[in-house]
Amino acid sequence: MIQIIRDKININALLAAVADPAAGGIDIFIGTTRNHSDGKDVLELEYEAYQDMALPMMRQIADDAKERWGVMKIAVVHRIGKVPVGEASVAIAVSSAHRKEAFEACRYIIDTLKKTVPIWKKELFADGSKWVGERP
Amino acid sequence: MIQIIRDKININALLAAVADPAAGGIDIFIGTTRNHSDGKDVLELEYEAYQDMALPMMRQIADDAKERWGVMKIAVVHRIGKVPVGEASVAIAVSSAHRKEAFEACRYIIDTLKKTVPIWKKELFADGSKWVGERP
Amino acid sequence: MITISVKLFAGIKDIVGKDEVELSVADASPVAEALASLAENNPLLRPWKNHVRFAVNKIYVQPDHLLKSRDEVAIIPPVSGG
Amino acid sequence: MITISVKLFAGIKDIVGKDEVELSVADASPVAEALASLAENNPLLRPWKNHVRFAVNKIYVQPDHLLKSRDEVAIIPPVSGG
């Protein structure tokens, strides 16, 4: 289950996607939108993706993690469009025979996704908005 | 939210318990019952707890994690009684401003819980049952 | 002599057939005496000596921890929660 | 000359005011020429030169990667998903 969606992320759907009777553990990471940034109140977040590139990259990252840690099933879902404060912008679930591998693979996936996958976040404030990330 | 319960664990309830508008990430670990053990088919698991000791220990482990990693909110729920294969026996959720701390605190909690909290698991096979853990 | 309650769990509970027993032991006995005393009448418990931990009033203690009257002792076989 | 499509995102899309443009560049131009060419008419884009990555046909490439006709170029400002 590798998806970019505009609706609210359904954690139960991710859990169902990675469930496996041979799994001993599932690690899930959920990225949530924070209500402040550099001391300013964030009212809302908005995400944009280069979907045709982002989806295959997300699939590749999941495949790499599966091979490297020998985990069982992986789900990666990123939400785009407006995301209210406190709601999930990304969710990753990894099932594994043993918990160590589930934790490490899950962490690898979110770290790699944040560094490489072409998705952008805009913070909306009362007095304007700002794309997040290093800029000139 | 620190609980020992006999019903199915509700992951959404854990998520709601750790939600925080200042949180940037939530890590959740779910321990699920496996369908095999030492090459034998496991039909069902049964958990027993020394509740009066286990609950305060779970609370203490969560408090230690909160102090050590500065995370926001923690939920720890362990199920006891019969747990069908594939269902969650334990779930831990940790919300944090930053994801690194959420992952590390969550892993600390499950590792410490498994090593120290007085809860026991019995595996039920077609031809008998066995308490898990080192024995004479 | 003092009276203590001893809680039993998992494999040890199955051997004894009860989840709690009352024992009379000498005042200031070490907590390990709780298992030794039960093992006198039940040889199946003897090999467990080096495989259990003890708790007194819901806190782990060393085997030489000294008991008082009305202590709640628990014999804790290797845990396997999670 | 060859024709390429150039996809624009986030801050760069806002500056250009479009999410995709077609450009004519010399055959076998380096992909970095896509940004340079747009910056000729739009000085606001010039400081971005050292802050973007390029993708060709949905794969990251180095700035000196050479373009072919109908390539789908993307100018990728620093990503911030997650």
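By written order: A, B, C and D. Residues from 1 in each chain.
By our rule, a residue touches a chain if its C-beta (ideal position, glycine included) is under 8 Å from a C-beta of that chain, and two chains touch if they have at least 3 such contacts.
Values in this document were obtained by computation on a predicted structure and should not be read as measured data.
Touching chain A and chain C at once are the following chains: B.
Averaged C-alpha coordinates put the centre of chain A at 23 Å from the centre of chain B.
Distance from the chain B centre to the chain D centre is 49 Å, each centre being the mean of its Cα atoms. The distance from the centre of chain A to the centre of chain D, with each centre set as the mean of the Cα atoms, comes to 26 Å.
Of all residues in chain A, those that touch two or more other chains are 31, 110. By the definition given earlier, chain contacts exist for A-B, A-D, B-C. By the touch criterion given at the top, residues 31, 47-50, 52-54, 56, 78, 89-90, 110, 113-122, 131-136 of chain A touch chain D in their complex. Residues 7, 9-11, 13-14, 47-48, 50-51, 55, 58-60, 74, 76-82 of chain D are the ones touching chain A in the complex. Residue ranges of chain B in contact with chain A, taken from their complex: 11-12, 15, 19-32, 34-36, 85-86, 95, 97, 99, 102-103, 106-107, 110.
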